[in-house]
Amino acid sequence: MSATAERVTAPFGTRAVPVTSRQHHGPYIVLGCADTAGPRPAAGQFYMLMTTRWGGGQDERPFLPRAFSVLRAPAATSELQFLVQDVGPGTNRLAELEPGDELSLLGPLGNGFAAPREGRRPLLVGGGVGIAPLAIWQDQLEREAAVVLGFRDSYHAAGARLLHQVRVGTEDGSQGHHGLVTELLEDELDLDSHVQVYACGPPAMLEAVRLTCAVREIPAQLALESGMACGFGACFGCVVATKHGYLRLCVDGPVLDARSLDTVVFAGGGH
Amino acid sequence: MSATAERVTAPFGTRAVPVTSRQHHGPYIVLGCADTAGPRPAAGQFYMLMTTRWGGGQDERPFLPRAFSVLRAPAATSELQFLVQDVGPGTNRLAELEPGDELSLLGPLGNGFAAPREGRRPLLVGGGVGIAPLAIWQDQLEREAAVVLGFRDSYHAAGARLLHQVRVGTEDGSQGHHGLVTELLEDELDLDSHVQVYACGPPAMLEAVRLTCAVREIPAQLALESGMACGFGACFGCVVATKHGYLRLCVDGPVLDARSLDTVVFAGGGH
Amino acid sequence: MSVHFCGIELAHPIINASGTFDAIAARRAFGDQLAEQFPFAAFVSKTVTLAPRQGNPPPRLWELPGGLMNSIGLPNRGLAGYLVKDLPELATLPVPLIVNVMGFSRDEVAQLVRAFAERDEVAALELNVSCPNVETGLVMGADPREVAWLLETVRPLTDKPLIVKLTPNASDVPAVARAAEQAGASALSLINTIRGMALDPLTRAPWLGGLTGGVSGPAVRAAALAQVSSVCEAVQIPVVGMGGVASGSHARDLLAVGAALVAVGTESFRNPAAGTQIAAELELRPLPAGFRSEGTPSGGAKRSDLPGPG
Amino acid sequence: MSVHFCGIELAHPIINASGTFDAIAARRAFGDQLAEQFPFAAFVSKTVTLAPRQGNPPPRLWELPGGLMNSIGLPNRGLAGYLVKDLPELATLPVPLIVNVMGFSRDEVAQLVRAFAERDEVAALELNVSCPNVETGLVMGADPREVAWLLETVRPLTDKPLIVKLTPNASDVPAVARAAEQAGASALSLINTIRGMALDPLTRAPWLGGLTGGVSGPAVRAAALAQVSSVCEAVQIPVVGMGGVASGSHARDLLAVGAALVAVGTESFRNPAAGTQIAAELELRPLPAGFRSEGTPSGGAKRSDLPGPG
């Protein structure tokens, strides 16, 4: 079902790493840490993150770790970068981290993106915080990729800086194309349809991308989200409905071949 | 049963106040805050304290507020000072507070100390963090008080700075008298027995004080501790055994007349 | 958002959980402000028994992740002392008074109900049935027959509303609820505390003086919502929902599954004004469309045939 | 600190709770390190049913204060698929294998037990009885007669140890435990999850695809300790204690009230190596004096006659 064999196995057990950097890009925070004990992840893989001071937030949460795609993992370094949007008690905690603080992580987990097939040109489609896995993928792709990203407004569009040669769209028109990123996608496909689409973003956007690619018969790999408790296949909580039945997104995803899905639905607990 | 009518009523409901100062005295931390909405407390009264970020510590605690005697409440100011010894998840949180942070408090609660009877000279006996209520009492007493304080060692004895004209004893002899504070108490009583004793400290020390005063027929007011959930008489959890049955320490104490006790036992959840 | 409950008009749907707020002690701590800013729409007093009780030896409290375990042991002055000392002072509160009673036999409960039946200060009675019946050894509230048997005895003794407070430590709480309804209960309230235990980390001997205790607070919220929901599906009489309510949203959840009133317990320990705050939060966020005024979901929630967890 | 359990020798007393660790998926995530650093002294597989199950629709998870509520719905390949696909791979684990099975009738359970009885790869069977018996509509694990009836059917079918996993959602768990012991259970395990519910904060409709779910983690620790303690007092056969164990101290509590083994569930979601860590913490702090080797307190803890909470 998974689009790919790109899976780097994780060291067994959570490990503590020091936070080394913290930058703001509009509403998003980029956390850097030094993961000397871990391997270099594949693009599209994710980590389960916790802080040492987990819990005690709204409704006495968070309790469980939270899943985050790796934003960047510069080769020949031990650095890992994550993109965090503060939407609730878990991301609250992570968004507070400063250099020198401790971050507890498990990973890399899940399946990453697979290389384009049949010499197709990679086309990256991202929405909001969903741009994270596309940044590391752009870093790793040999071939020049076209990138279209959608945001709510120019404030959120600050996240576009994290990739290069980007066409941006905003829902309120305050920056770049006025409208949805899927309109930019259609554009790109009109120019050149011999592409392989890689998409990550809110469920509604992914569903639009899936539909467009299905109609035009263009291969697409979608990085999905769902509520997760463990991240390594232990709880069976993160399933998404596919043509092959329920799949655990943490071990059979998060990257899925668009053709394995009848539709993209929000599976709860993501954002 | 209570030794006194010294009770200042509290505003209804917890209120948030800014932390204004933070000092270290050996292992103890003195937290200052500006309680503009509250009244000036009586010596011996206490407050229930929480931080905005409560919980998430060892065993997912703390959950309930924690009780703290007021250390100092300078007249004609809105300042309140508390003495905090970090012994567990709740005091962990409080010990981390910095000026500008928010402190949530309820109080003043309970009964304070009563003035000396029959022109007796006040004699303050304290052990460890139990010195807190004695400091504000020394401030409020018209009459010059004798003060004897006991600590584990010279590091802890740094707390003695918080009162004046103090005779200090340490268990390891590293500062002042080598031995227990109750030996200093005996000393003082030999010099002058027309005193009224005010004591606060660990249960074993309070029991020794109670016994000594009982034998010599000297009136003593003891500030006790017990595990508390609410601090205002709602839960019936903080009872201590007295000659008159179980009393709720939060509303009928924390200051009790030594004569109302057969013995001082640790009632759990204090320290 | 004033509400009617068993013929009693209340300013809002938030009341206190029995044994978690002592209005008399609170007046000593907070003075007249307590009456001026009383946080609950009705006051439920702590369980009264026939004979006075000292309660359990300390320690009586153990803090849990998001909760509290207590083994207070129902200390109270006993019926006679309550009538003389507590009732007159509680009668001066600005809200209706609900008296919670418990007996260790049907006869004891009957004596308690009779005594309060004739007191105009008392708006309603809550029966705490989370204790064993000495006649049978069975926990009254855990067995449908026991509850029916009890109500057949005490229902005829008063016209006042009788609220039966159910225990959550039972295999089939809805069955107990139906038995209570059929035997004439005016309303039901749940959940009482969930049985728990803790050991002293140093000695590994039981921490609580009562050896075991009752768990309350956020830790029981999900279990409480499930039980309140099942009971609301099982009966027509009004239900007082409680268990871990710490915000308007938690109260809203209980109303949404059908509760008529919501009781706040442990959260009052964190803030005595919690009731006021929760009622205010409720006002701000009315129920979404699709709920009947009683708050039962207009659909969906009956698919109880689905496989369980795990 | 190797221990013997039903004739099986284990390196330490920490095993996993069924359904909270998938060794096959974990091998995909962690590679060979999983086998090298396997965190448990025995591996308990997720519940296997006769027919394959998809499980409940998502969402299946709801986070609680210090806990988790799940409505996974027991997805599994079914007996045939398990025997062909899972069993061979699980047989390569470095620790003994305990297979957890569930049937919706005595006959289903009998078929499952028979199938595993002849498999040498299987060291023991755990019977998940937290589901209704379609023949009677009663939850097998909540009723002493149901459990006895079930064991009379399946006990004769195998010499392997039969561990009966009790449900905590019952009025009298010790009674069920005694019934299981008398009917030939080799051991007992508890607690399974506590029934709970949550609503979507936006729509107030049930959040979980299964409508209700099962609560686990620290939020159930106190309830688990109380039930394990009562069951250990009620039976002589070994007991596997579980519920909210997140540290060596929590495991020590369960051993102190008489558990022979301790199972770790939800904590593995926070750290897959939790079992290793907890076992190591146990080694460091042996039981204080005053405990028999089985760990039952040498005195005190029987005063169960004391009044309850509140």
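Per-chain numbering from 1; labels A, B, C and D assigned in written order.
Following the convention adopted for this analysis, a contact is a pair of C-beta atoms (placed from the backbone, for glycine too) under 8 Å apart; a residue touches a chain by one contact, two chains touch by 3 or more.
As the structure is a prediction and not an experimental result, all values here were calculated from the model.
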List every chain that touches both subunit A and subunit C. B, D
Between subunit B and subunit D, the Cα-mean centres are separated in Å by 47
Where the centres are mean C-alpha positions, what is the separation of subunit A from subunit B, in Å? 54
Averaging only over C-alpha atoms, locate the centres of subunit C and subunit D and give their separation in whole Å. 32
Roughly how far is subunit A from subunit D, centre to centre by C-alpha average, rounded to an integer in Å? 35
Which positions in subunit A touch two or more other chains at once? 55, 59-60, 63
For subunit D, write out the residues touching at least two other chains, lowest number first. 19, 55, 64-67, 70, 72, 218
How would one label the connectivity among the chains shown: line, ring, star, complete, or other? complete
Any idea which subunit A residues touch subunit C in the complex? 59-60
Residue numbers on subunit B that touch subunit A, as the complex places them: 53-57, 60, 63
Quick one: which bits of subunit C touch subunit A in the complex? Just the residue numbers, please. 65-66, 218, 246-247
Within the complex, which stretch of subunit D touches subunit A? 19-22, 24-26, 28-31, 33-34, 37, 46, 54-55, 57-61, 63-68, 70, 72, 75, 207, 217-218, 266, 268-273, 276
Per the touch rule, the subunit D residues reaching subunit C in their complex are 18-19, 47, 53, 55-56, 62, 64-67, 69-74, 128, 130-131, 139, 142-143, 169-172, 192-199, 201-206, 210-215, 218-223, 225-227, 229, 244, 249, 252-253, 256-257, 287-288, 290-291, 297, 300-301, 303-304, 306-310
